[in-house]
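Pasting a structure here, questions to come.
Note that the chains take the letters A, B, C and D in the order they are written out, and that residue 1 is the start of every chain.
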Amino acid sequence: MTSKTMTAVNFARIKPHLPWITLLALVLIVGIADTNFLRPVNLVSMAADIVPLFIMALGMTFAIYIGGIDLSAQSIANMTTVIATLALPSYGIGAALICILAGLAMGAVSGYVTTKLLVPSFISTLAVGGVAFSAAQYMSGQRALFMDATMRDSTFGWMTGVTAGIPHEIFIGGALVLGTWFLQSRTTFGRALKAVGAGEPAAVASGLNVTRIKIMAFALSAGLAAIAGLLFSVKLSGGSPTLANGFLLPAIVAVLVGGTPLTGGVGGVINTLIGTLIVAVIRSSMLYFEVDATKQQMVFGLILIAAIALTIDRTKLRVVK
Amino acid sequence: MSFIKKFIEQETISRRNFLLASAYGVGGVAASSMLGGVARAAISDPTVAWSYRNRTNPYWNEIVSGGEAFIESLGKPKEFLTHLINEGSSEKSLSDVKALLSKTNGELALAIDTNDAPNARPIVEAVAQAGGYVSTIWNKTDDLHPWDFGDNYVSHMTWSDEGPAEQTARILLDAMGGKGGVVHLGGIASNNPAIERLQGLKNALKDYPDVELLAAEPADWDTQKANQVMSAFLTRYGDEIKGVHCANDTIAYGVLEALRAEGIEDMPIVSYDGNPQAVQLVAEKKILATVFTNPHWGGGITAALAYHAAIGTFKPSEEPNAHREFYGPAVFVTPEDAAAFKANYIDSVPNYDWKDFWGPTNGQIAYK
Amino acid sequence: MYELQKVDKIFPGVHALKAVDFKIGRGEIVGLVGENGAGKSTLMKVIYGAYQPDGGDITIDGTKVRFQNPRQAMDHGIGMVFQEQSLITNLTVMENIYLGFEQQFVSFGVINWKAMAAAARQQLEKVKLDIDPATITSELSFAQRQLVELAKVLTLEERIDGDLVILLDEPTSVLAKEEVELLFSLVRELTKRASFIFVSHRMDEVLDLSDRIYVMKDGEVVDVVTHDEADVDAIQHKMVGRDVDKEYYREQKQKPYKADAQPLVSFKNVSLERKYSDISFDLHPGEVLCLVGTEGSGREAILRTIFGLETPTEGQVALKGSEITSFTAKSGVVNGVGYIPRERKIEGIVAGMNVYENMTLSQMGNYSKSGVLSIGEEKALARKWIERLAIKTPDVYKDCGGLSGGNQQKVVLAKWRSAGSDIILLDHPTRGLDIGAKEDVYDMVREMSDDGVGIVLVADTLEEAIGLSHTIIVLKDGEAQKRFECSPGDKPSLYDLVHHMI
Amino acid sequence: MGSVLTRNVLIKWAPLIVLIVLVLFFAAMEPRFFSLRNFARIGISSAPALMVAIGVTFIIIMGSIDLSMEGTVSVCAVVFAFAFIAMGGTLASFAWLALPLALLVGAVVGLVNGMVHVWLKIPSFMASLAMGFVGTGFALLLTGGDRVRVQDELFRSLLTERWFGFPIMCYVALLFLLIGWFIQTRTTLGRNFYAVGGGEELAHASGLNVNRVRILGFMLAGVFYAVGALLAVGRIGIAETATGSNFMFVSITSVVVGGTALWGGIGGVWNTLIGVLIVNVINNGMVVIGLPGYVQDGVLGLLVILAVVLSTDRKSVTFVK
């Protein structure tokens, strides 16, 4: 074997690890610039703060994993901040259940419209998101709503508490990533998702109920978006139809940077975990490098291009569209 | 090479903190102390930061210019002010503040609009826990008060928009001759100022039985959206519209252009915020009135309050409640005084005394 | 004229071409045969410029050339007619013909459609195709499209001064017999203007058409024979490296099926609008039932109906005696139907999933407890079937997209057989496979029959259909024309079938 | 044969029929909707959106997607306004040079976008999303957040001067629509978009320089975004970082509603015209018939799903993502 092919083989071996190598490199770069960044306190608190966004990205992963997209996630999170705040006084912990069910239902509608009415998910989820946003506005009476602090703490205090120096958000995020990882890699549903993402016609020809699987994927995506909204609502102790604004694009970016491309069947929830952390680090790095306010967005875009260029595994992409 | 020197210095200081923090972590010392809760009397040289929505809005630009003017009054370059831009995302707002608290070890004087009211509590809690100082404007929940946080939550300033909006509405309704239809184009529907400004119009309408509120639609503080909504209003109500009540100046621009497209030049319009461009339009009588909330002063004084509390110039907990929660100034701008106003506030920015914290304010916040 | 000398091509881990010498003279038709993986397609890609050789020289009329891309090869008169349908179906015929070479019809940035149509009509005349060049390609039949592709390559004639070399990669795979003959007569006629390199799995066609035949095995040219010396057995021997059984279709292993047992599949006057009408048959355990007909005669639609992908508009379908009311793939699978589709890479395997994931895809319920997969059991199953069907794969973790065609087919077969499917639908199961792999498939068909599995077959060739089946139903335009019983030694002739097909 | 023909004809005209039905519906609900002056208003709000949508139409025909339009529009608008004012501030002076300059800037941004996508082999969704951040960020850097007013009466005659009841900007949009149509039907580049969308690998094997077509496609799209930017500035007389806001989802929705398929190869600029009109008629109509603001997002979503279901030839595909 020539040395050229050797390096090619070695690079192929490194490729799957590029996302976390990128993450590590970014952490080190920022850490060298300012060692404050590397303090465990800071890293833990950064991780805890990104959890709501991470949960939404986790859901988004499933939509993207089957080759679709979920643009309704942010509106659904908005809606659940309102539902959670409204339902807390009368239903207590049941409010959480209502939120998740509402999310699942909205996602199932997106899935139905995509699979049965053959409307591309880009459009169907955008439209369902509009419905969720309208619902949020209607229910909230177009106002910001507040949870009663004592009621919040007695019902949902466990979500925002701290144990042994670790904020509970991290446990929630960790539990969800473990759960979804198990779902993705150890269950028949996860396997079916992979088949649908990587080769839908073959999945059909193997007798899988592809329609149902896709609807479930969109429901799961919206369900996790609802959990993200719920957690955010508890964290902020209130709800408003615009509270979760600004979640959508970072969540999509987190999934993509993690190495789950839009072609489907590749990547997964662990990738999204890494991708979300990359986004969090890039965001903090703006502060640590004292990037000028008017330049931040441009710098973010440029780093993003570099990060995506590094992390995507092009061997799995047949055609780059 | 200076940056290397700076790096080494920084390194030496932060290494100490790093080791300290690690020691806490390893030793498993009480969790709360690990996460901050640092109590300190005063900070000699705090980082000063302003956290706001975005840079694409003239209102926030004015806020920032005030913040920078305050920094320059300290004899520092205006780059000393750290900008946290949340792009309308409460999530980013909170994350950025926490990141900055980490970076500065809590040695922070923060001025902030928390973007959405529910976001105020976690931010204030985080700053207080890290031992920083924070002053907020606009958004906060009614149950959150500076005096519940000792010195660290320095102050909250907001503007009561209902009264001024009612007064501009009266100017508008009078200009309409007290009869005909009026439309309202509002901000993002759930934003507090949007709600108050619409309420102001409704209050005024009680005294004008012959004026009908034809419609009130949100235009999201956005010029282009306002333009489209106004166009549609013209179709629906046509000549019935005798006046337009706008929730802010940016909306008014869109409304003016929609009217201009139809060749309507003399429609009575009032707006809010008192941006330079709007003041100019008031002088030209294209807009009948706007309300100047002096964002330049607001931006400067909010940063100044947090800063001076941080360095110990005054002790917030020893100040009366009226000095912790108060209304900001509101100045009416009408065609008669627009020229004078422009000369005083816009063409030459006044040199404010950034230690006169409460001079121009409008009394303690009252809750309904 | 065109010559390759000691050409090498190396991929990571594979020496794909080993010092290949190849030449073609003016007006010659050269056949290229070899098993899958012998290096035919690599050689062709080197010839038309898609790959650059790692060693050796390419010369045209003695001058050394090196092509960076297909475009440069075209500029030297080398064109390719692709195996897969390579016309872009949403474009018009003339746009396809001149794709990438529109510039000649452009003046001041504007395409002159009339000039292009006139030129395209001229090209179509060369292949004796009388259609409007402005027709959208998707409206053409497969045979017409194949001719358009040839016409497209023939545009080189006007563009290039020197000689032409045209590669034909499996041009006959979608053509009916008489269409093949038309194509061959065209090719012979065109040798006045061009040389051809002809690649096909159909040995008879290669022998029929070629002046010389290159035989490839393991990346090497193992023999070159002239038309007159050529002998099918000798060539196949060289290709495979072993004797090909005279009893190619395993006719001697054909056993009578259990005609008295309850039918596995029963069609009673079944119709599907615009696909087929009034079809009736019974499939018994151990029976191989072959559906014969041209493309679009309704063969595939019947298979898809049995599997549950199509819902018939009339008639009754019963699987194992129970009538089917809801037609879904799921119900098909539950009733023991296994579908081995023609588009192996698209519908057969999931590229990107490994061997065991593919094998259990249709039967995950058997390898899971309340939705949780038992991956250990899956791997055990895969190892068992890898051994049983001699699937060539390094391990069970290998991505199926990276397996050869024959091994992919075996994985698909293992998927259904391991799940205990006893109704197997085979749609062109040997398409694109080399002889060795084909024989493996024929063996498996017989083994399944012996096990009492009922098989519905849509064969790649008529010979295959005749050789393998117990029963043949000839279809034309969606209607059953004739039913043949094919016991060993008493099989219908090709002519009998063709007579009813057209 | 007859039934096939009518089905094809129906599919071809379905988007127009949807548009007509919508117009009649709103006219029935509120007769004032059906007036020349209101149609002119719809025309004004449609004109900039149409330009942006035509730009992205070409990209979508190629089977790619472009999410960079918000950034590109902002950059073009801001550069135009600065140059216009610096060079004299009225069309009667050399400031007219700012118009071609804006188009040039659009082309350059599109070029960079295309190069990032093609050369770095990053899927267009991600590349253009990141480039959108860069564009908006660059516009912010230029303005520092300020708004730039363009008050020249001559330039503003785009809005104020009317022929046959419609302002000049509608005719400018029409002119560029015809140019787009010309590119689509009569130029090599335009036809090559369809080739790439119909079968990228096949087109490549036919000797087509697919990468070049892609990059040129993004460049062309950039030029149309620039025209959209000029009309947007002409409409409100202000250029700012937010000029490009909200164009992304609206333009892609319009393209899909018009019957251009997201998987490429089908559709064209006339479809996009109809799509843009459908979306703007809905937006205008909802306000005109007095629908409360908070339900408008939801109703828009539902109507968009309905329009896509009715106006797309979805029989040609077996599944949709």
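One rule holds in what follows: a residue touches a chain if its C-beta (ideal position, glycine included) is under 8 Å from a C-beta of that chain, and two chains touch if they have at least 3 such contacts.
Small disclaimer: the values here were computed from a predicted structure and weren't measured.
*Asks:* Count how many hops through touching chains it takes, at the least, to reach chain C starting from chain B.
*Replies:* So the least number of steps between the two chains is 2.
*Asks:* Among the chains here, which has the CA centroid at the largest distance from chain C's centroid?
*Replies:* Chain B.
*Asks:* Between chain pairs C-D and B-D, which one is joined by a greater number of C-beta pairs in contact?
*Replies:* Ranking C-D and B-D by C-beta contacts puts B-D first.
*Asks:* Please work out the Cα centroid separation of chain C and chain D, and write it as a whole number of Å.
*Replies:* Measuring from centre to centre gives 43 Å for this pair.
*Asks:* Starting from the mean Cα coordinates of chain B and chain D, work out the distance between those two points in Å.
*Replies:* That pair's centroid distance is 35 Å.
*Asks:* Which integer distance in Å separates the CA centroid of chain A from that of chain D?
*Replies:* From the centre of chain A to the centre of chain D is 29 Å.
*Asks:* What is the distance, in whole Å, between the centres of chain A and chain B, each centre taken as the mean of its C-alpha atoms?
*Replies:* 31
*Asks:* Please list all residues of chain B that touch 2 or more other chains.
*Replies:* 55, 64, 189, 218, in rising order.
*Asks:* Among all residues of chain A, which ones touch two or more of the remaining chains?
*Replies:* Correct list: 137, 142, 201, 204, 294, 296-297.
*Asks:* At which residue positions does chain D touch at least two other chains?
*Replies:* If we look for residues of chain D contacting two or more partner chains, we find 140, 144-145, 293-294.
*Asks:* Pairs of chains that touch, anyone?
*Replies:* Inter-chain contacts occur between A-B, A-C, A-D, B-D, C-D.
*Asks:* Could you please specify the touching residues of chain B with respect to chain A in the complex?
*Replies:* So the residues of chain B in touch with chain A come to 7, 10-11, 14-15, 17-18, 21-22, 25, 28, 31-32, 34-36, 55, 64, 79, 82-92, 94-96, 98-100, 102-103, 105, 116-119, 121-122, 141-143, 188-192, 195, 218.
*Asks:* In the complex formed with chain B, which residues of chain A make contact?
*Replies:* Residue list for chain A touching chain B: 33-42, 45-46, 49-50, 52-53, 81, 137, 140, 142-144, 146, 149, 162-165, 232-233, 235-247, 250, 280, 283-284, 287-288, 290, 292-294, 296-297.
*Asks:* Taking the complex as given, what residues does chain B use to touch chain D?
*Replies:* Interface residues on chain B, with respect to chain D: 54-58, 60-61, 64, 189, 215, 217-218, 222-225, 227-229, 231-236, 238, 253-254, 257, 260-263, 277.
*Asks:* With touch defined as at the start, can you tell me which chain C residues reach chain D in the complex?
*Replies:* For chain C paired with chain D, touching residues are 50, 69-71, 74, 80, 82, 86-91, 95-96, 99-103, 106, 109-111, 113, 152.
*Asks:* Which part of chain A faces chain C closely enough to touch in the complex?
*Replies:* 1-2, 5, 8-9, 186-189, 191-192, 194-195, 198-199, 201-209, 265-266, 316
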